[in-house]
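Two complexes follow with chain A in common, the first pairing it with chain B and the second with chain C.
Up next is the complex of A and B:
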């Protein structure tokens, strides 16, 4: 059975993270400095050191991920540790602050860290939820195969339309041109269909929205209702069937893009904010000793 | 059923090659899976796309949804096939052949030539299905993130720090982020003037704030904890001010309330150079010696220390006084009639309310204890103070009266010159002699019986003709507990009265010391936490009453320290 990265090695890193948190909390409770708890007591420096080291090490996952030949443990192990120790960082860093916050660089550093961890938690949730949904949606096929199938369906429908009045071929070609999958962040993440189609209208043609191929199916339905020619009626029926299949495949393609979008979007926050965090962390550490 | 499957393939020579297979099966599968009888290795084809079964008049085609087949140019999912029918399944074209003898059916399988020719060569639009395709990027933002934060958070302010005061002031005043973003918390309000002057304390980068920076302002007012020759003094000079006085902290606690700064030494004071009389103190509730009072003691007014509760303490102030009589609830006889006195009639708070203004005769006693001496002129009073002045006043008064006539009801029978009479020298001398006698008579009464003796210890010296009175000087102890701070105003809670701590109403002699013992304080005050012995009392760390920087020990200026070091080196 598939073992999630969270269960890696009997949750070894979960145990390490819990131990780290427990140790930090006990030390914080026991520690009773002359001044209110803050980052400048010996425990403050210790927790700060552990926190900074954790941040740098957690960032190193980004490097390890790209290094396929690395002998430094498995990628799954790294990811498992990344998740659990990243969560433990909340406890370590919060205790480092001594719960003293303000409008300053140091609190900015803390907020950025929470932002990175928050986006990471989002990432873990989507990684736990979406890959299964993605497999179910793909049903053993792949997006480029789906595209080929759609191409096939188009060729097939155009072959059928060759035997029909010219307007059918025109509409099918317009549909091919106006089909959209994704195209914008909103469309990708919302799984929205902004397809259009040029349909014959009085005095020429008119572009209308065609989500879920609805406009085309309506048009074919109207043609079907009007048709008195038996052969034409049968062929319209064939087209309806192809277009319905096409709609289904497009829907899967869109859903696939949507899932991939959500699987990726958090990384576009997680990675840049991590780098901003590292910049702020350096500024935090240096400035604290600059004005010791 | 027994079926012949003829596969037509274009061989390497370009010539079509036919290969026949005979299959015995009820169902002939078509699909991508390797167990299919008609195998088609094409991603678009399902593992099983369609199947053929036997029908009465030939074959029956059933597609596995959502697959569809094109049968003779028509789309369908299920079809009954006859000889000559053409089935297009994805890239494959399947034709139904005439079944040879002994066969139930025969089909040929070949590549659909139409696959190569498209009905429309216009390509599908390119779909932007990934976030990267719609413009999302990590790398530039990551670079921007690290660059901007380092630049604005560190490099820019650092560049200005250590340059001229004007340039760093300019940066702080500008909209750009300055070194003010590095402050980890507000300064104590007492240091408000330094709030925008980081370099006032942080003189050198990467060096901790040194004591010198504190002494820049505080050297004139600050005092040390012990005298410079105290054995612990050397260690105390090594301490950094910021060990106790931590700034930029929340809550701001410039005054260190932590008991440990005291108990580090005072748990075992003798181990830290204290004299044998210093008793251990660890906590106000748990371990604190009885209070000592400092008393001014007659006749030389040296300050003596005495511990309350050990043996009765007698204050030698030379005053004759009784609190009990003054606080008689039935009232006390006064020129104005019967007066019921309160403590505050004499003990008036000073400006801060922490203590009281000194007691003096003119302000606190004279309204009742009048110094009038001549009933004929009741408004005329003697001066309070020097006995010689008193005598002089009396002699002056009676000389004037005896020489100038004495015409009222109190007039004595003899020795008085009638008003307006001109006197010979002898008569004048006689009148003055009488006046002197009279003055002595009155003085004896005043000093020894009526006025002075009420409060003072008076002795008579000199001759009977020229008596001289001595009044023992009075000095009242103003501060009984100089080593602790006590705020009377803070104790005016409404629940506590003066009597709560000071047993004045029953004190019959002036020598009583009415200072409360520690047990009186402990009724309300606990130790550091205030929750000792299962009772909740007012948390009272050492600093509630004591100050670390003893006002009596001067600050050891660096020069003094140097002298001490040199002296130590010589020994």
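Up next is the complex of A and C:
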């Protein structure tokens, strides 16, 4: 009943893309120009024309994606075609170059194109791989629910701490203050934990890194070892288990942000480089026709 | 104060105001009795700035009071001016507790013990009822309120919520965000609320956000001058002053609670009891039935007139017109109702039309179903109905259409085509008969095509009006039920059978109603009946060890239990209603009779049995399939006709579905992708299920929610924004939305996507999450209307959400594809 964009319409666009590549390769092999193969032969112009048209059409996905009332095919069909024909562009454009590269605008255009396609391939891999991982990590819940749960855990631990010496409440509040999920792009994509915590130290308090709540768990562990009061020991035990749960929820939240980050970040490369590509493509075409 | 007036108007809603103003205008002695401190209490309670519509547009206004669509404030202001301008004699705080006497000499007893004498009484008290009062000394203080409009209005207060029902719980939880909240519960638990609210309140109490005082009753309320310096206020309530002191009897003893505000949510006393105490009769025990009235709105008690919602006219303009008309009637000045020209226009096309009154009479004479209906109600019914004058063989509706109106034959006849393959095979229906009741009762597709006969004139009545008729007129309901059963057997099993042959079987058949989750029959029971599902749906399940495994699902219009009747004597599975469900059961003897008459039916049923056994064993092999069906049924798929599902193995969370929905629907998305539960990679987003018998349609004053011929349930332009549908939808998929937010420019959109939160803007450390939900605050509120999924009715290419999904994760499933979908999904995990 449903299938991924790659399987759309029995892989119709894969077949078309293969046919396009095959045709280009056969033509290239059969073609015997007077000069060495390059973009200036009739085949070069043809392949270049097809390539340029493809680039413009591939870019048009961005417009089609936002034409919500368009009845021109489904977006899934367009994406399927975008992926396969985008890959075919590697063959078409490479043959168009006739393998003549240099430190010039034309090669820059080619490199930018490869860069766009490369980021696109990365995007497809991410799209195929991560949704399932995200679903598994969420296990039926959602980030805002996790956040709420963490808030609840904090309230609960603070209530426990209310019955304990003051330093416990202070440390828990400091932990709440210092907890970080995401933040910088690096932290999100790396799933890194830059949380800190202010722990009591000689002559005041000291901020220390607290990844995975480790510093807090360590501090609580030390307090537990030191405690001689039965009631207090029990309460520290309660806190330890709450903090451990909190750590697990934070881990899931971070993982979720990381996955969503990867699902989004590649587009921040793919789209701007595409715009750069179109700029250089125009320059490439204009320069070829005006100054060649 | 016991002066006698000609007219006492009880209730200063639109109808009462209009009546009193008309009386004042023409100099008739009158008094308008309002129990609260302001006129039009129901409209006063509307949310601030709410836009009030003037439906129905075609109806002219006939009242000395002004009224046109506008904000709540404007309308209330105009009415206040009207009261002064016409020098209406209005008494506030005058609650009528009893009416005795007879025409010419009524005694209206008021709450404060005084009495009003009147020759005639006009009741315009609406249907809302009076909130139950706190009933303790001091409950008249201004800190006691019985409603809560906007919980965000209060901050840093100590608020005591009294009650343990849904309203109390919802208020307490909402107020707890910014206030210290105590919930006073008379009993030791919460037994009167919805499951969802029970979980919510227990969690909130557990989290310490609300303090619940169980087994506690209010004793008295006093005002405390100045600041309270009690021990309690020094510790628990350090912010602000608590000018009131509530004394409570708790299980542990007495307690004094300083507070700012008391919100009592103790339910309402329906007005019916009061109305009946005045001697006015209701036609049935159905809670939705309304008093019987004459064409001049007079009840069975001469001299007592009923107008407005209590008289069956829920819209403001209708009520105002009635107020005017009823005063004219009392003055002995019969006016033609304001709707007369509308009816005349409706009837003008009928061959041989002479007058509205004659036509109405002829209709009631010719159509037995309408004979018992009181003339006023019948008029209202016709006002909502459409008259069709059709040429022979014109199509009235087609099989599988999703329309749900109800037809009666005023003249000529129609032919029902029951077999698509054999168009010549027709059942004729003649003058006075009705059809279309199947769609009316079960909300399912039309089961046959209907063609017009010779001289055909039909009355088409919308579902809501027809249901209103059925709930008020018992006789009509009985006729309809009987006919439904015969026709259901005819179309379900025995299309060849003659109606006369089926009548004895229909007489033996039974109509059964099941609550959601109720067992229809259990595995191992004696197989004594076959069930035809009339509305709702059933789940078929097997008990394996201690677990229940759902193996299949039966939608309305299908039958279940045929296996037992085909020779087995014990039920091979348990059948349970997934939602509120009605079945018609045919017992084994009646069934044997039916099989004897139709040998072909036997082989057809054997086929069904074979298929079902195959399907059961297939699904039983897949443990997950049963769990998935159970999950989906819990999400309301048991009553869905079309539901949006998201395959989480494919969804990249780009929210293009939501954007597509917003872009094609005036800027507001009707689906919330991320919300809603997930099971085994199948996510059910918050989006309309297009229920068979939509909950949202139940209580829509202008009847704005309709079902199109293709099945989509949509909100029409005549929505008045009352919010009933939003409250009635169990799946939370309807919202009230104003005009759309501004769109970002195309360039920024192309580069950065929409301004909708993305992951990089959103997650920034705990407690610092941005809140985007502040639209509308501060700015003047524009008119809000209900919006919901309309399945992109009228757009090419089908629903935009599915069309806009780049990865193929979004898909729509109908009950017919439901089991196939589950099998396919289950085979993937």
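Points worth noting:
In the analysis below, the second predicted complex is superposed on the first by the 289 of 292 C-alpha atoms of A that agree within 3 Å, B and C clash if a C-alpha of one lies under 4 Å from a C-alpha of the other, contacts with A are read in each partner's own complex, and residues count from 1 in each chain.
FYI, a residue touches a chain if its C-beta (ideal position, glycine included) is under 8 Å from a C-beta of that chain, and two chains touch if they have at least 3 such contacts.
A quick note: this is a predicted structure, and the numbers were derived from the prediction, not measured.
Partners chain B and chain C, brought together by superposition on chain A, clash.
Contacts of A:229 after superposition: neither chain B nor chain C is touched. When the two structures are aligned on the shared chain, A:271 is found in touch with chain B and with chain C.
When both complexes are overlaid on chain A, the residue A:218 reaches neither chain B nor chain C. Look at A:145: by the touch rule set out above, it reaches chain B but stays clear of chain C.
Of the two partner chains, chain B is the only one that A:36 touches; chain C does not reach it.
Touch criterion met: A:155 reaches chain B and chain C at once.
In the superposition on chain A, contact of A:8 is made with chain C only, not with chain B. By the touch criterion defined above, A:179 reaches both chain B and chain C. Touched residues of chain A, counted separately for chain B and chain C, are more numerous for B. By the document's definition of touching, of the two partners only chain B reaches A:290; chain C does not.
None of the stretches 186-194, 222-230 or 348-356 of chain C clash with chain B in the superposition except 186-194. Annotation: chain A residues 140, 142-143, 147, 150-152, 155-156, 159, 176, 179-183, 185, 188, 253, 257, 260-261, 264, 267, 271-272, 275 touch chain B in one complex and chain C in the other. Within the complex, the chain C residues that touch chain A are 207-208, 647-654, 656, 659-661, 663-664, 674-675, 677-679, 681, 683, 749-751, 753, 758-760, 762-767, 769, 795-797, 800, 802-809, 811, 813, 817, 820-821, 824. Considering their complex, residues 34-36, 38-40, 100, 102, 104-106, 108, 140-143, 145, 147-152, 154-156, 158-163, 173, 176-177, 179-185, 188, 234-235, 238, 241-242, 245, 248, 253, 256-257, 260-261, 264-265, 267-268, 271-280, 282-284, 286-292 of chain A touch chain B. Put simply, chain A touches chain C in their complex at residues 1-5, 7-8, 62, 65-66, 68-71, 74-76, 78-79, 126-127, 130-132, 134-135, 138, 140, 142-143, 147, 150-152, 155-156, 159, 176, 179-183, 185, 188, 253, 257, 260-261, 263-264, 267, 271-272, 275. Residue ranges on chain B touching chain A, taken from their complex, read 43-44, 47, 66, 68, 70, 73-75, 90, 114, 118-120, 122, 124-125, 127-131, 133-138, 141-150, 153-154, 157-158, 161, 179, 181-186, 198, 202, 205-209, 243-244, 246, 249-251, 253, 256, 258, 260-261.
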